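Next come two complexes built around chain A: one with chain B, the other with chain C.
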Partner chain A sequence: MTRALSWFFSLVALGAVALLVGVFVWQSLPVWHHEGWGYVTGTKWFFRQKEFGTLPMIYSTVIVGLIALVLAAPLGFGAAIFTAEYLPRRARLAVKVLIELLAGVPSVVYGLLGILLLRDWIYNLFEKFEPLSGDTLLTAGVLLAVMILPTIVTLSDDALRGVSSAQRRAARGLGLTHAETVLSIAIPQAKRGLGAALLLALGRALGETIAVFLVVGRQDNNMPEHIFSLRAWLEAGQTITSKLGGSETNIAYGDPVHWGAMIGLALLLLIMTGTVTLLGTGFGKRSDA
Partner chain B sequence: MKFLPAFLALLLVTPTLFAETLKINGSTTVNLPAAEATEILRAEQKMDIQVDTQGGSSGGISMLGDGLVQIGMSSKPVSDDDRAKFPKVKFDEIHIGQDAVAIIVSKDVWDSGVHALTKQQIQDIYESKITNWKDVGANKSIRIAFFNKEPGRGTWEVFAHWVYGDPKKAPQVSFPEVGGNEETRTKVSSTRGALSQLSSSWADGKKVFALGVKGDDGKVIDPTNENIANKTYPLSRPLFLLTNGEPVGAAKSFVDFMLSERGQELVKKHGYMRLKDLGK
Partner chain C sequence: MRKSLDFLLATITAFCALVAVALLVGLVAVIAQRGGPAVNWGFLTEQIRLVGAAGGIFWNLVGTLILLASALVVCLPLSVGLALVERVWLQREGSRRLLRTLLYTLNGVPSIVFGLFGFVVFVQWCGWGKSWLSGGLVLALMMIPTVTVSLIERLKAVPAKYVEAAAGLGLNRAQIVWAVLLPQAWGGVVTGSLLGLARAAGEVAPIMFTATIFAGATLPKGIKESPVLSLPYHIFILAQDSFDPSVGSKLWGAALVLLALVLFLSVIALPSRLKLHEEANV
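Right after this comes the complex of A and B.
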């Protein structure tokens, strides 16, 4: 009975995802007909001229996510090692609760803090490089780093705690110091879990909307000449989520190609976050600890 | 189990409660007096009203079209395209006041001596032919940081209508975009060399400054109430409440209130022109 029920509910969940993807594919068909592969390789989005190229948005989404990850990973891992390996149990739980509380702060609150503090900070800090305003890919990346930090900390902490204490004791018995035990026993054993923490955090970063919306500048078609150009980080951009969060969806409604282009963005986003999340979950499961 | 009857009763009552909720959505410009009217009607007539500003004027039109709200707020007329999108909806435009769109700049630009622009200069800035304030009369070199109102906003439509004759003829440009009035004001005031379009009532002259429009004869017309009322200032726009057909029930009470003496005072309080000021 339990078995049948669990099969049933798994199928319902699967069906819901399949339906979602199905609707997105179906609704975005007009734009695929209209643009073909140009939809993902084109660099110009001018809806009045019926041009729908999404590459700059994919670029901005990926860059913003990567900036967030690069900034949050060392901090998050450091904090997790501290809570999991050095804090006594009670203190660890207290710190963990606080950090998980941060994960529950609504993203619009982060966004408003970003407008109030982060925009001006970045704008003045990088004045030498003459950013046109404080709305930049970097601002969005830094803001996202703060937002995904709790995810990284709490998942990494779980991964480290999953390493059996027998191994730790054995290591200490062989004469390794506390720090050496952490570095050569706990971290290598937990590396899949740590990787999964990063991937799941990236999934969250890619899909975050309103906070990014408020600080990224929402400038269309800002594709740099070289994709690794750091200068582009100090310019405004448009991510897939900030495009979807804007008022263009209201204009698109009723025009099949334009509407298809907006839904197509949702499909691209779903594919990106879905892949990263699935990778993260699978990565964590095959633990060799 | 003793809560079950109470719970069931609640289930029965809830739909009727929801049925009386008047939902309003649209332009942040119209929202200012509308939200205050909502407060008054809630307190005095115990009306249940929800006001939101998702998507600006276009959001108001499309949510009314979809039947998600009973009243849409818009700072632009309903276009033929909008009517074609929602053929079953009979859009009724109720004119409640008039607003002007100001071309606003940050303090450093104002202090550098730029107090007015010609239409041609504004067009050149919009098309990135002019990118420095020095080229339009500033006493020093400041790069122009143009924040474009996002398409679909009433403010943008009025701007594009004035510069290009028809919003559809406006060239597609790529600038950082801003949405609501609050966001526009915050971003312009905190950015050097900033320029944007903003409802004139939000241009406070402390954080952001409204430029005048310089005519071919060199005469500067500022967006003052007088110039808006006698239509010498070119960038003005009507403010509408939109309903599907003649307003009825709660929607009618709301519309009637906005058109009453008290409602019109709210329109004036937020810096817009009353119907009376327009000679209506």
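Right after this comes the complex of A and C.
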């Protein structure tokens, strides 16, 4: 009985997950028929003209995620090195708890702070480049950096603590300084765990919706001529998630191709975050072995 | 040179940690300072008026609690079932690892994806329209990995000799589950649920298309077309046109209440998590 119940509830849960994947694959089929590869290589999205190119959104999603990662990684690693290598155990737990609380702050609260504070700061800071408003890819990236910082800190701290202290003591015994021990023993040993922390944080950044929605400007079809042009960072953009969170989702239902295009975006997002998350967990696991 | 490198690394990393902690303190301080004046008893017990510019957030709080309660009720049996399957009923390490990987992957699924899933399945196919139940089910699905993984960790920590003693007394596996494993590991369910609820309470993306509207709902009277108000969605909508100053103070007030709710849930989950930390470090 207990066994049957456990399996029953598990299968319900697994069935829901299978249904989730199935729904996104199946419902997005019409747009793949309609657009073919143009769906991921096209740069124009005009749903009234039945044009569904998602490249600008993929670009914005990736850029915003990378800005967040580049800003949060050094800060996060630094903080994790301090908590794991310098702080005594109780103080370490206290700092870790505070930082994990930061991870629990709802994204709509971050969004609110972004809309009422960060937006103006970015606008004033970059005024000489004449951004049209404070709603830019950069704003979204900076906001996401704060949001993924706790993930990086707490996972990196775990990775560093996973390095055995016998190795640290041996290094100190050989006459290495504290800093040398950290740089040449702890960090190389924890490399995989640190990489996993970055990947999992990136996964979170790519999928974050509400905070990005509020500050990214939601400007369709904003694709720079050069992929690495920094000017585009100070313009409004549209990420996959901000598109999905917008009102177009309500309009699209009922038109199979348009709806397929929206659901296809969710599928692309699922593939991106799924890959990053799987790589991250795989990465982390092998470091334990 | 070596000495100064030593000093430099300690200073730089200490600075990084300080910035990270300062971000949390600053964030809470800003919300508290701006939202504090708006929060009083009337704010929590009145309904919204004038598109959020007056009145309070009573039905938003009630709606959020309804969503959380339904999510928890749905999530608990599924999570306990999954954890028991992983720890007790699956015999091969390979299948266990597969199930765990699936849970981690599910944990990484963006919340908007859950929202769209709920929109297709419950709102459209089941024809419920916006309903508290669609929202509860979607949030339950989102909470499953947190609760399940937390219970699995606790089940792993149950000393093997307890299980052996129970088996020696002639208990079968199902009896061991009820008499030993679940009572010993129940803390994992509580911790996982609190953390899952803390996350679910603040989410907008899963419920914006499935369960919640901005104004004009009170207690749901059925399933079909029975949306609720909710706290995070309220903030989300008001944040988009936050130019009216009177809306502004109410907006920060609502954010403060939401933040307090979420931090409260995370903080009461703390003691048992810290205990697990300490055990793991011994």
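Following the convention adopted for this analysis, the second predicted complex is superposed on the first by the 269 of 289 C-alpha atoms of A that agree within 3 Å, B and C clash if a C-alpha of one lies under 4 Å from a C-alpha of the other, contacts with A are read in each partner's own complex, and residues count from 1 in each chain.
We take it that a residue touches a chain if its C-beta (ideal position, glycine included) is under 8 Å from a C-beta of that chain, and two chains touch if they have at least 3 such contacts.
All values derive from a computational prediction rather than experimental measurement.
*Asks:* Quick one: chain B and chain C on chain A, clash or fit?
*Replies:* clash
*Asks:* Output check: A:225 vs chain B and chain C. Expected answer is one of first, second, both, neither. What do you get?
*Replies:* Touch partners of A:225: none, neither chain B nor chain C.
*Asks:* So in the superposed three-chain picture, is A:20 touching just chain B, just chain C, both, or none of them (first/second/both/neither)?
*Replies:* second
*Asks:* Return first, second, both or neither, reflecting whether A:214 touches chain B, chain C, both chains, or no partner chain.
*Replies:* A:214 sits against chain B and chain C alike.
*Asks:* Taking the superposition on A as described, I'd like to know which of chain B and chain C A:246 touches: first, second, both or neither.
*Replies:* In the superposition, A:246 touches chain B alone.
*Asks:* So in the superposed three-chain picture, is A:263 touching just chain B, just chain C, both, or none of them (first/second/both/neither)?
*Replies:* The second partner, chain C, only.
*Asks:* Chain A residues in contact: does chain B have more, or chain C?
*Replies:* The partner making contact with more of chain A's residues is C.
*Asks:* A:115 contacts which: chain B (first), chain C (second), both, neither?
*Replies:* both
*Asks:* For A:48, decide between first (touching chain B), second (touching chain C), both and neither.
*Replies:* first
*Asks:* In the overlay, one of 42-50, 78-86, 204-212 or 258-266 from chain B clashes with chain C and the rest don't. Which one?
*Replies:* Only 42-50 shows clashing C-alpha atoms.
*Asks:* Based on the A-chain superposition described above, do chain B and chain C contact any of the same residues on chain A, and if so which?
*Replies:* Residues 115, 214, 249-250, 253 of chain A touch both chain B and chain C.
*Asks:* Within the complex, which stretch of chain A touches chain C?
*Replies:* 1-3, 5-10, 12-14, 16-17, 19-20, 23-24, 27, 74-79, 81-83, 85-86, 89, 93, 95, 97-102, 104-109, 111-113, 115-117, 146, 149-150, 153, 177-180, 182-183, 200, 203-204, 206-210, 214, 241, 244-245, 249-250, 253, 262-263, 266, 269-270, 273-274, 276-278, 280-281
*Asks:* Which residues of chain C touch chain A in their complex?
*Replies:* Contacts found on chain C: 2-3, 5-6, 8-10, 12-17, 19-21, 23-24, 27, 30-31, 77-82, 84-85, 88-89, 101-102, 104-114, 116-117, 119-121, 124, 141, 144, 173-174, 177-178, 195, 198-199, 201-205, 208-209, 232, 235-236, 239-240, 242, 251-252, 255, 258-259, 262-263, 266-267, 270, 274, 277, 281.
*Asks:* Touching residues of chain A toward chain B in the complex: what are they?
*Replies:* Where chain A meets chain B, its residues are 46-49, 115, 119-120, 123, 130, 132-135, 214, 217-222, 236, 246-251, 253-254.
*Asks:* Please output the residues of chain B touching chain A within their complex, sorted ascending.
*Replies:* It is residues 55-56, 58-59, 61-62, 81, 84-86, 143, 145, 147, 150-153, 168, 170, 172, 174-179, 183, 186-187, 190-191, 193-194 of chain B that touch chain A.
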